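Both of the next two complexes hold subunit A, though its partner changes from subunit B to subunit C.
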Partner chain A sequence: MAVLSTRLSRWSLPMFVCALVNFLAAQGLMLAGMSWPTQPVSAPGTLAAVHLLVIGWLLLLMFGALFQFVPVITSRPLVSQSMALAALIALEIGLLGMVGGFFGIGTGSRALAMALPAGGAAVYLGVLIACWNIGVPLLRSRPLSLPGRMVLTGLAFLLLTVTLGLAFALALAVPALAPYLAPLLGGVGEHALAGLGGWFTLTAMGVSYKLLPMFMLAPEDRGITGDGVHILATVGFALAIGAGLARVWSAAEPLAVAQSSGYAAIALAVGIYLWDVVRIYRTRKRAVIELHNKAAVAAFGLLGLGTAVAIGFVMAGHLGAGAPVIVFLIVFGWLGGLGLTQLYKIVPFLTWLHRYGRSLGRGAVPRVQELVHERRSYPWFALYFLGVLLGATSVLSGHAAGLRPCVVLVTVATFGIVVEYWRAWRAHYVPLRPSEPAAPLLRPNQRG
Partner chain B sequence: MVAERSLDRESVLDALHEVIDPELGYNIVDLGLIYALEVAAGVIRITMTMTTPGCPAQDYIMSGVYERSKSVPGINDVQIKLVWLPAWSPRLMTPAAKAHFGIQV
Partner chain C sequence: MSEPITLDVREELREGGEPLPRILRAVGGLAPGQALRLLATFEPLPLYAVLGRKGFDHRAVRHGEGDWEVLFSPQTPQAGPGSPAAPSATVSSTDGWPPPSTSLDNRGLEPPEPMIRILDALERLGPGQVLEALNERDPVFLYPELQARGAAIHTEKVGAGVRLLIRQRG
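Showing the complex of A and B:
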């Protein structure tokens, strides 16, 4: 086994593999007609697909990326590599339990239904382990950069999300607890907002504030706009979620005002963020950018579209009715799209470090970009985003059934992109070189 | 003696042109990652940086610098000092590297 640098996250690639399998599995449920749009949004198959998407795909993807990214922004190592593996195991086992539990509730099987809170508890444990592993280097880093602060805020929303989720699981699966916890089920929207907004979106924004300038050689300092996005989004999500949860028990008017103010702050934060992203692209020093940055433009566009659609439904007073298509745009378009495009850089980069890092200085090595074939990959990304856009358009125009053929496009495209990741990992586009004999790696300021 | 030292320094810099930053795909000398390089009595002292602190490729790039420098004839020892100040920026690239990335000189 090759000796790897301690700066390399050992479990990120396995996490990405699991994440992609879960993503395709969720798409499979949608194509098989076991989930929305064929089934109601509260159907067991829909709940299973949603959690395959947010825990199985997006959460594993985000943790895999953060295990590699947090040491970069803090210049501090993770607490331990083993904790990353423990988190992966707990999250995967927990997810399987939850998916089984959702179908158990649907079939009336008490025993299978209990897998929901059991799986939820395992997911909770996995999240705690991962938060500890990432949170400690973030908390110890002084001064903490804007991306680090945004990730840390995101982790707080993640803990809120999983706490609410575990309470829901207990309310659904344990009748004895239902009288106490059932009212909380009125806060499903806030659970989704905390997860997709406070956690995933805020964290993705923070990570992008580091990676976009780094890869495109643009100025990193975001100044007042970066801080503005962070503060507005944090306050906005906190207000909208807090007031929304309080409204489960109280119909007081000030709560509705607070919730609306929260939505407005979120929309403003997204608007400033997207303007900032445009500035990063415009001020980049790298004239020719790589495919992962080109394709990410579509993900940013779908964040804007998802937010605009949400504003429209809020103003019409029908946010609940628009929730499925908003979630689809955010999960598949913004977060999923950004994830797939950034993996197109991360996978070859990690592959290069694994395969060629130790040959550097001893002979010719390929560039990271030589591990991918952008012209072959470009159509898959175009097809993916086209499928998402057509699907959302179909639902918005009142033809929810039209989403299913669009998901076919999305699935075919996802599969095509995964094949390109696999080719990068196998060094398909460059001749394989024999691995060098192991030798110790140098550490900073070490005498040779 | 002075000419010999200068020749050694150029030999090492030539050799280091073969070490690339894997992400940018360009050699570390023209990227401006080598801040100082002294050669004396067969010993090389290199002061260098990375494009970003905490770079995952840092250990590999440093080992690459060590291995390639050590392979230059007449070099007995290589000492590498990694620094973060002044912070690297694209301004430190050579005109050739700037032209490669399409950066306005």
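Showing the complex of A and C:
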């Protein structure tokens, strides 16, 4: 058996903190009227908010989770803990540059506009560092489990996404390069599909295939179904993105067919995945499940809804018109929702290991679930998903203005959930015990 | 290797004082490889984590009511060259180990229950004794804890799960 070595990922929790701050900042831009839905989809504020959401929130969240998760599924350590910190710094600085750059393009300031490719390059660097850090243990692990294979495929799509993104940034900010790179801007949709689909969705599916069965005590081996989801989704995203990019230059009919086949394969993969998730819930051995898995049902539902809406717009022949609401459902409902719900397990779990690991077997130690107060947190998750659902419904029914009040609900709920994470981290709900490290470190207790 | 330094904080604790600064100063003054013998009125559980992070193992003996002796000794790195990440807890062979004195079946338990049960059982083992555990998953968060406690572990794949043999430090 491989050498077994796993440690707590030192930079995961700081990454989650940065991610949540970015998430709230993006919601702030939406509420302040600087972004979609009050501004056009291509407005600088919208581009800034979208990248705060996907790089600032989802990417940091995913890397924070993977830095902890990949050693667990591969039984191999990360290349280094310091690389995780380096990735965090590069991504956060790069993101700030990009946000400044988007607003710079809006103002016409050359210097600010250059911040876009400069920030993009820093993000690229951060992604390369993070990919190296988790890619090496994944590539060295034999045999690699389904979750690991899905994450590895996701990383390839991530590299494609950031490469396209950097090309866009150069096309927008460097006029000398525009003649060569500008046509690529027709592939913005493929950039989004590679990022939200090939990278985030495929990776989230892979991670969920490990975490759901683990905490609900369901069979982990997904057999041919899991492989089917992986292969169909990979082929689907590759076809849809490849053909979509080729169509920027060529009007050849087979490309349109390939793109549609790609969309169909993606929809089928999502359908099979959701059916398999239902199977995991149904075949679980744990009668009572914890809040993070109860609330995750809403995220899976919104993945289904987002996919159904996308199918509807593709059939109607104007996917572009539906793109904002589809992105909203996938970013806030599916990926953001899954992220918030799973953090509600990851944060207490890491906190518990950090605080009480050394005391296990040596005295009274609280259970992981004693770090959270599910009844107090439940309404926040309900409010969050209600806000997302109402917001999407309002846009779909032609009342885009109705989205803003819904984002207020989402923001308030996010705040509430963040407070509950903070309380878990501070062991707020744990009654003080004699061996509690939170007490003065060496007070005499009554155990001796 | 030099003799351990002895630090008696019982008087200070009985008077309600906080001896941590004195302990940390004493630790800071240790020669390389030197251990610290601490005399306290209770088992200083939180201190294990603090000094564990500084690279110290501990061994506690209770002499009587309100009378504990804890030896903090520097951990000796055992990872071989070329495997800097290999935890010293993992061993490839169990030659010379006694047969397991305790067996645990941790299958069908959600994390972190298997880890809690193993560490509970480990702390009840005598020096050099072995426990056996059947787990569904490789208990990855257990290894650093075993390493910190000076225990050794041998892992082998059995069917869909893993069989662990863990030996309490001698």
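In this section, the second predicted complex is superposed on the first by the 425 of 448 C-alpha atoms of A that agree within 3 Å, B and C clash if a C-alpha of one lies under 4 Å from a C-alpha of the other, contacts with A are read in each partner's own complex, and residues count from 1 in each chain.
Everything that follows uses one rule, which is that a contact is a pair of C-beta atoms (placed from the backbone, for glycine too) under 8 Å apart; a residue touches a chain by one contact, two chains touch by 3 or more.
For clarity, every value in this text was computed on a predicted model and none was experimentally measured.
When the two complexes are overlaid on their common chain A, residue A:G108 makes contact with neither subunit B nor subunit C. By the touch criterion defined above, A:M214 lies against subunit B and subunit C together after alignment on the C-alpha atoms of chain A. Of the two partner chains, both subunit B and subunit C are touched by A:G357. In the superposition on chain A, A:P179 makes contact with neither subunit B nor subunit C.
Put simply, subunit A uses residues 5-8, 71-72, 75, 214-215, 217, 285-286, 349, 352-353, 357-358, 360-362, 365, 368, 439, 441-448 to touch subunit B in one complex and subunit C in the other. Those residues of subunit A lying in contact with subunit B across their complex are 5-9, 68, 71-75, 214-215, 217, 285-288, 349-350, 352-353, 356-358, 360-362, 364-365, 367-370, 439, 441-448. On the subunit C side of its complex with subunit A, the touching residues are 9, 13-14, 18-20, 23, 40-50, 52, 62, 65-68, 83, 85-87, 90, 108, 110-112, 115-116, 119-124, 137-138, 140-141, 143-145, 148, 155-157, 160, 162. Within the complex formed with subunit A, the residues of subunit B that make contact are 18-20, 22-23, 25, 51-71, 77-82, 90, 101-104.
Within the complex formed with subunit C, the residues of subunit A that make contact are 1, 3-8, 71-72, 75, 77, 214-217, 221, 285-286, 349, 352-353, 357-363, 365, 368, 435-437, 439-448.
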